Every structure is written in structure tokens, then in C-alpha cells.
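Going by the order they are written in, the chains are A, B, C and D; count residues from 1 in each one.
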Amino acid sequence: MSKVTSMHDAVATAVDDGDSLYLAGFTHLIPFAAGHEIIRQGRTDLELIRATPDLIYDQLIAAGCARKVTFSWAGNPGVGSLPAFRRAAEEGYPTEIELEEYTHFGMIAALEAGASNLPFMPLRGFIGSDLPDHNDNIARVESPFGDDYVYAVAPIEPDVAVVRAQRADENGNAHLWGIQGEVKLAALAADTVILSVEEQCSEETIRSDPNRTVITADEVDHVVVEPYGSHPSYAQGYYGRDNEAYLSWAETAADRDTVEEWLDEWVYGVDDRREYVEQLGTERIFDLEPETAYATPVNMGEYR
Amino acid sequence: MTTDETETTTETDTERAYTNSELMVVAAARELESDDSVLVGIGKPNLACNVAKRTHAPELRMVYESGTIGSNPKTPPLSIGDPGLAAGALSIEPMRNGFNYYLQAGRLDVGFLGGAQIDRYGNINSTVIGDYDDPIVRLPGSGGACEIACHVNRTMIITPHTERRFPEEVDFITSPGYVGGREGRAELGLDGGPEAVITDLGVYRFNDDGELYVDSLHPSATRDEIQSKTGWEIEFADDLQQTAEPTDEELRLIREELDPEELYTDQAE
Amino acid sequence: MSKVTSMHDAVATAVDDGDSLYLAGFTHLIPFAAGHEIIRQGRTDLELIRATPDLIYDQLIAAGCARKVTFSWAGNPGVGSLPAFRRAAEEGYPTEIELEEYTHFGMIAALEAGASNLPFMPLRGFIGSDLPDHNDNIARVESPFGDDYVYAVAPIEPDVAVVRAQRADENGNAHLWGIQGEVKLAALAADTVILSVEEQCSEETIRSDPNRTVITADEVDHVVVEPYGSHPSYAQGYYGRDNEAYLSWAETAADRDTVEEWLDEWVYGVDDRREYVEQLGTERIFDLEPETAYATPVNMGEYR
Amino acid sequence: MTTDETETTTETDTERAYTNSELMVVAAARELESDDSVLVGIGKPNLACNVAKRTHAPELRMVYESGTIGSNPKTPPLSIGDPGLAAGALSIEPMRNGFNYYLQAGRLDVGFLGGAQIDRYGNINSTVIGDYDDPIVRLPGSGGACEIACHVNRTMIITPHTERRFPEEVDFITSPGYVGGREGRAELGLDGGPEAVITDLGVYRFNDDGELYVDSLHPSATRDEIQSKTGWEIEFADDLQQTAEPTDEELRLIREELDPEELYTDQAE
């Protein structure tokens, strides 16, 4: 049975006040449209989990949705800091936020534990760092074999993950290419998964290249077909990163009022991603499109 | 760059036709060898790697925290996860694999880090200024930095040298240098360690105790300037050098190919 | 610099008497040609590590190369048992072999530890089983977070791994599609790696589809281009499994003499894989070829 | 199969126009539900899954230890890693991911196992007959079996019923059933457990203590035959059933589509 629905309905069904949330995608395929829909539906007290909070969580924090941020690098990639995150962390505005902090590797290992149903995951991480003193979910563990030690992290198991991919069938079997990030782990670790894609495809397309499948229907509860759903992040082969938007966020978010204006214009002022894209305008979208460069084909063979 | 090569070299020496930010990129590039695998950061490290790859280190392999292995970007990326790092890479690994199989397993030779504070043992703070639970400034945090500092063989630190950045002890250790000295690092079971700190004033290295010293001064800098901006009595090499200046080709690469919009460097005329 | 060489030279350089060896490939892309070359070069006292010893290790054991077998399922897949393995384990013929035994999951977790440079890897495995009593590299570990436990396995780090893929460039960057098995882990965990491929390709081909890359040049010491190097196992899209060979091994290997005859004919009696394939004959090879079925293309985009 | 459907059904009832190996496949198929994810083994389990998928369980998802998810083989595979399981699958996972993310994380509902010995609590031995260090028979070992038995919700055991195969206690526990009873399994932290044992004599299940009992007898089998081949006093259900016989469609699928060469079943005319 098809799981295809609208982002409005997916968020309305899947995301409750107080939930822990992982909007996945390391730089690539960040689910901005889902974030905006969560803001529009006025969810509060969320635990926002993401290795890189990025603009998407800065926007959710600015809109007052957050009670806690679990993260490993809270900056504007290649640009600087996240103004709304800093206001919340330093001044408690618009909400106080609790922080749970990891390194990237530690964060990913915690997701790996969650995805694997393991009580902990070892890593050679945090060594010599002050971070373990400030996070009870990081512990030193001795090796049972010989004289060696590691740090271990407890599992991260979000209530809801939103993940994106380039294409999926109606059941949620998805092909994803380019940077994979922590998308698969987030989908496996979460209780409920919203999968948003640039394009819907046939199950046959998925089955033609099973090595390209990163998420299977088993993990997915809702499928949302939403072209440009990652703007100003990107979708490999579909559109590039809108660097202008990242650069200008520094100014937009620097001030409480300008960020409110921005939210009014780009989130509250549109009904859905389609309207957002219309507001962006065709030219800006077209400017982000790469030239075509297909991967060299592979023959899977037909075996009878 | 309208003059011919010989003339320009002369001009460079006498008139300093380059900036210190350009010199930082070039000094960093020269730390790299052709068979290195480098975990590249954005900004100057990326420029440095691309200068090295286009000059003395053509086989340099660039790896990014986003999991792209052997990237070959046509233009400098704005972030470590740009589509141009993925398209044309040799391999793309899920994020866990990059950290787990490449970084942790010791497959990466060099990593570039910055930081809000660097102390006399090369420990780096990129987490908070002030108290962790009540910070004066909340910084972005570790990201990949802590484990890069743990596992690459040679950590390169690129940062401007301001007084606040070089306290005797950092407020928070995000990424380990030599901790309390080379023995401190070894006791934790860590190999490698910081190799060089490259600032707008000079290139610094670490002595046998794991303590920072100034190895070369940039032509525009003085000992006093460095000492006055450093939170402890910093050592200078007995044979203190002057940092070698950029060549024309290095400057041309930065200005024309790699950073024509001056996003990451201030450029001289 | 190109790493392309012959299997003869790769084995002569990389494999010493007494080495621990992982010939990787779960059913798919088993490096039979490498195994035969090791037999021809008369290596002895090898520790043969493989989740599924399969015919390849049964042949090495029958030829007297083995001192130890580390494994998790020692059978002829879909057919029955491995006669030479059983003779060695039960009667010590032609050599006594020590056994180190895991479950599949345990074995793969041990390789994962080796690939990751971790002192142990936890898994919810071996629970309720008698296996941990017979293997010191399996230990129970309590979770540092709450009341829970797992088993841990020590790392497996073979001296040499031989892995196969469909195509690679001269440096050893390889595309592999179809069943992945433990190929990547074996290559990462081993000190020295021989990569054998069906076809050599350009670096450009590899770079056109980086998500398809399973092994990078970093891990690879020798590249051997050897079509049909996996027969009677298979290469997805190139040729199918030669089931006849698997079925007839039960009889061939049932008796000390018939297995000697087989080794004389198919291993000692040929110089290399090319001669082996000639001896097989074109018709048998052609019968194994699948019809063509290409994967649906993906656009990586060209970003400037 | 040349007669029409109605006649054949009648013949089947009276003349047993099917074999017990065919009945085993069919009885196993009937244990499966359409929304199950099944970790499929080779031979009868594979036939059973394919019969189920083509009759009452069209959405059945077949997963193999080799990491193929949602395989849709056109012909029955000889091994669990055949190319026909990879081509046309929904996904192919590296072996670790299959065990780690799918099996261990509880994403698989049903697993099929065989074994050289099965005891009264459904514990399975596929490792050695005799002493581990000096075996009478060295068997293949666990493969995926131990963790399948740990983690799927319903373990199905398919095996012929011979005296050697049903001792009161196995020589070696390769794969846990109810260990010393349902509580023994729960104390280890394991959910699920063996659901049914399907032999050439009947279908057995497990009572509230986790002990094997005979739930249905195949038409050709007797209580005495089962008891005489079992190493302890086996319980029979109060309402002991006769195993439902194969339908014509089930037999047609086995004989014409799935196992025409009789590799895994003996087939009646």
C-alpha cells in the first residue's frame, strides 16, 4: 500500500510536542521543507538531534520549537556561527535550550548503537578531551582482550527521523547517491520515519540497482514527494547548494527582528514547499542546476 | 599580475606583493607531501591542499569529513559537503565509515584544524570561552576535530595569532595536542600529534617536550609581536628562520584559480 | 604508479608460509584463481580465515596448505559438507588443523574490529550458545549504561587478504556490485591486499560513480586483472555460479585419491587462470553468461 | 498432473498423491504471513517461502544471510548468495549490515533453521556430534543460525525426524531454543523463540514451559513412530490434528515452477 502523503499530513501524524527529532543529511539533502512544516505547525519542546544543526535547526530554534539540542558541530558550514543557536545557548532566547554535546564521530557512533539495537558502541574518540566530563552518555570502557581501552557512547534513538533521498518508490525503498552522511543510521535508529524525495519512481527502478538502495520500505512510515525540498541545501545531480542563502543567514539571523521577518516571509508566509519554490523564482532555481554527468552503467544480469 | 616572472620575484622580495593570508596558505601547502592523505577543512586548508596538489604534491589525496575520498573539486568548496566534492571523487563513504575505517584506523596522514584557543602544548579549544555550563561565548564545538587531533599523524593548525587565541591553558580541551607534554599524549595511547601552527606571524613547531616554539618568522613579523600576543614565555628556535615567501606560481593559483573572489584570503594587488 | 601484476607475482610477493589469509567473498566473487596459485606455489602452515571456507579452502586444505581454519560455516553451500575439511578436522589428513570457530555475525564483527582498529566489537550474538566456551576471542561484556550485556569479539587482522571486484583502475580503486559480503572489511582489516578484477577500467570510470566504490587504492597492494577468476563462484553481471562444479565436488573430494587427481588436472596441471579457462572450454563459460540488465542510470552532476 | 482440479483433490486424499517432503514444504509455507520478513534458508525453506508468496502471502519479504533484502528469484537458488537473489532485490547490504541492522535490531520476523540435533526445548546443534575437541562428526557450524535463533520472532525448524536427531539434550548448543525452558530464554534477555518444528512425521510446537509437543500428525505418520524416534517422552496435543494436505495449486507450484528437478523434494507422480 502506498505511503505517499503530503508533508503537512506526514508531520501532523508523526511529530508531537516534546518529541526527539533527527532531521538527517550531512550538508547534502537536508530536509528543509520538513523543518519549515514543523515550524508552521507550531511544535514545541522538541529535542533537536543532528550532528550539524545547520540553518535548519537555527530556524527551528529561532521559531521557539526547541527545548534541547543534541549535536556535535553547531556552526554555519563554511560561514561562521549559528546566531539563533547562540542566542538560545547564551541568553535563553526565545527558549532556554539544554545541550547534549558529542564529537562527530561520537554522535555517529551513538546513532550506530541506536540503529543496531546495541547498548553501547565503542570508539577511539574523546581521548584527551574534556567532553566526557560533561556528557553522561560517554563512558570509558576497558577492553576484555589485553590492556587497552576505548570510550563508549549510549544509543541515540530519536522518536522521529526525517530523511531525504533523490528517488523512492511508493513504499519507501530509496536510492540515494552523493554524500550519504548519517541518513541510513538516522532512519534505522528512529521509531518513526518520514522519507522525502525529489522524485517518485517505480519499484522496478529500485530493483534495477539494489546496491544503490540506502533505505528500505521496512524503516519508512511516510513518503513525501517534494522537489527542491532540500533548498538551500542540495540534491546531488538535481541542484546545487544555494551558497547565497547560507552566506546571508549570518545577517538575517543576527538580529531577533530580522529573523522573525525571515520566518514570516519564507515559512509562515507560504503554505508548503511548492509555494516556497514559487517565491524563490525559476531563475534562482535554474541557476543551481548542474550540467548532466551520468555514472558509468553496470550490468546486474538477468538470471533465470 | 601583469609583469613577467623574473621581475615579479624581485618585486615580491622588496615590496611584499603578497599578503600574510596568502603566505599562510603557501606555508601550509609546503607542509604537505605527495603521498599524503589529508583530511581537509574549508577555507585556507582547502586552498593549501589545492596549491600543494597543483605544485609539488600532485598525488595528494584529499578526504573530507563528509566521507568523500579523493575529491577533486573544480572550484573551492564553501562547505566540507559540497556537491563538487562528491562528483568526481574516488569514493564516497557513509559518515561512520569515514571516521571508523579511515580516521580511527590510522589511514589519514594529515589533518587541518583551527580553533578559538591553542595552548603551549597544542591543545585546541573550539567549544566554549568561559565556563562550559555558563559560557561567555558558545563556539561550534568539536565536529570532527577531536578525533582528527587524536588519529592523524600530523595535525596542522592554521589560525591568526591574536592574544586571546594563545593562552597558556585553554578554557576547554576540545582536541588534544600534547596534553601536558609528549608523555601525556603517549600515556593516552595516542600517536602523532600537532606538527605545525601556521599563523599570520610565523610558523611554530613543537619541541621534544611537546611545547610550542617559533620556527620561522614571516617577513613582516617580529619576535616582540609574537611574544606580546602569547600567554606564556614562548620559545624561539636557535636558528630562527624567515618563512619562505610565495612563488609567483603559488600566488597565481590562489588568485586566479582557487580563490578569485577572495573568500578565504586577502590578496595583494 | 600502476599496481597491475600477474597473480603469480602477486602471490609470490605477498603470501608467505605461516601467514594468516582471508580470501574474501560471500558466495559472490570468491578468489578461486588466487587460491589455486597459492596451492601451485606450495605455501604451507597457513591460517585460513573465511566465514565460509567453501570449496576454495577445501582445496587448499586438501593440498596440505593449512595449519588452522578460522571460520563460521564450513559447508558446501546448498550441497552438504566439505570433505577435505572434515578429513583434516576428524582424521588430521593431510595435515592436522586447528579450528577457531565463530558464528557468521561474530566473525564479521571480529573483522569489523580489525578494519576499525578497535580492540573489540560488541554484538548481541552467541547468546545461549556453547561457542564462547571454546573460543577465547569471545567474551561477555557488561554495558556501561544500565543493566545490559553483550558479547564482544577480538579483532581479526589477517596478514593477507585477497579480494575481487568486477572492475578497478590500475591503482586499485574498485567498483563492486551485487552481493558485497565481507569484502570491504577483509581489505580494510588485512596488512597486505591483493585485488583481483574481471576488468581493468579507467580512473575516470571509477570517479563517474564514487558511491559504487567499495575498495580504494589506499588498501590495495597488488592489482591482478583476471577474467573468470572466480569460477566456479560467480561475478554479478559477468557470469553465473557453476552449480555443476559445486555439486560434483561432493564426489570429487569424498576420496583422497580423486581429490588429488582433481588438483593435478585443474591446479597443478595449468599454469594460470587463463589455461584453466581454456581447459574449461568456451561452451561451459558461455552457458554461465546472464542476459544483460543494466541498472537505471543516475546523474551525479557536473559542478563548477 | 494431468487430471482436473476436483478429481485430483479427491485422489490426493485417498491415494496420497504427494510425498511427505512436499507436505513439509506446504506446512512450512502455511506458517508464513503476508507481512512477514523472513530470513530464508536454502532448500525446503526457500520453496516454502516461494509457495507462500505465490499463494496466501504475496507481500512476504525474503531476506538472505548474504545481505539481499526483498529478493525475488525467478528460479530457486542453490545457495543463499546466488546472483538471482541479488539481481532484482530491493536492496543489497554488506554482510555486517544485514546481521547488525536487520537481524540484531529485530527487523526480521521469521527464520528457518535445520540442524543435526534438536532437543526437547528446541535447542539446535549444527556444530559437532560427540565432543567438541574430538568430534565423531564435525558439522558445518553455526553460520548465521545462532543469531537467527536469538533474534527472529518465530524460528521455524524443518528437519526429517530420525532417532539421532531428537535426543533429550543436544551434544552442543549452536542455536538457542528455549534453553532450559521459556524462563531460561527470557533470563538471557531473548524474545521470540522456536515456533514450530516441521518434520516428515508431523508439525510440533512448544508448550508454556517451552517444551516440544506434537501438534499435528501427517496422514502417513503414527504416534508410536514419533515416540520411538524421540529421546524423551514427547507430549501430544490433547486435540491432536491431522496436518492439512497440500492443495493442487501448492503441488503444481512445487513441481512445475519451484523444484522441477526435484533437488529439494521427492515428488509423487
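By definition in this document, a residue touches a chain if its C-beta (ideal position, glycine included) is under 8 Å from a C-beta of that chain, and two chains touch if they have at least 3 such contacts.
As the structure is a prediction and not an experimental result, all values here were calculated from the model.
Novice: Sort the other chains by how far their Cα centres are from that of chain C and give me the top one.
Specialist: It is B.
Novice: Would you mind telling me which chain pair, A-D or A-B, is linked by more contacting C-beta pairs?
Specialist: It is A-B, judged by the count of C-beta pairs in contact.
Novice: Take the average of all CA coordinates in chain B, do the same for chain D, and state the distance between these two points in whole angstrom.
Specialist: One centre to the other, that is 60 Å.
Novice: Could you grab the centroid distance between chain A and chain D? Build each centroid from C-alpha atoms only and quote it in angstrom.
Specialist: Their C-alpha centroids are separated by 41 Å.
Novice: For chain C versus chain D, what separation do you get between their C-alpha means, in angstrom?
Specialist: Whole-Å distance between the two chain centres: 29.
Novice: Going by the touch rule set out above, which residues of chain A reach two or more other chains?
Specialist: Each of 117-118, 123-124, 148-149, 178, 180, 208, 211, 236, 240, 290, 293, 300-303 in chain A touches at least two other chains.
Novice: Among the residues of chain D, pick out those that touch two or more other chains and give their numbers.
Specialist: Within chain D, the residues that touch at least two other chains are 68, 82-83, 86-87, 92, 100, 104.
Novice: According to the definition already given, which pairs of chains are in contact?
Specialist: Contact pairs between chains: A-B, A-C, A-D, B-C, C-D.
Novice: Please give the residue numbers of chain A that touch chain D in the complex, ascending.
Specialist: Contact set of chain A toward chain D: 115-118, 173, 188, 203, 206-208, 210-211, 213, 216-218, 300-304.
Novice: Please output the residues of chain B touching chain A within their complex, sorted ascending.
Specialist: 42-43, 65-68, 77-83, 85-87, 92-96, 99-100, 103-104, 123, 127, 132-133, 135, 137-147, 149-151, 172-176, 179, 184-185, 188-190
Novice: Please output the residues of chain C touching chain A within their complex, sorted ascending.
Specialist: These residues of chain C touch chain A: 117-124, 137, 139-141, 143-146, 148-150, 152, 154, 166, 175, 177-178, 180, 201, 205, 208-209, 211-212, 236-238, 240, 290-304.
Novice: Once bound in the complex, which stretches of chain C touch chain D?
Specialist: Against chain D, the touching part of chain C is residues 26-28, 51-52, 71-75, 77-79, 81-82, 85-86, 89-90, 101-105, 108-109, 111-112, 123-131, 134, 148-149, 178-182, 184-185, 234, 236, 240-241, 243, 246, 290, 293.
Novice: Give the list of chain B residues in touch with chain C in this complex.
Specialist: 37, 61, 68-70, 72-75, 82-84, 86-92, 100-101, 104-107
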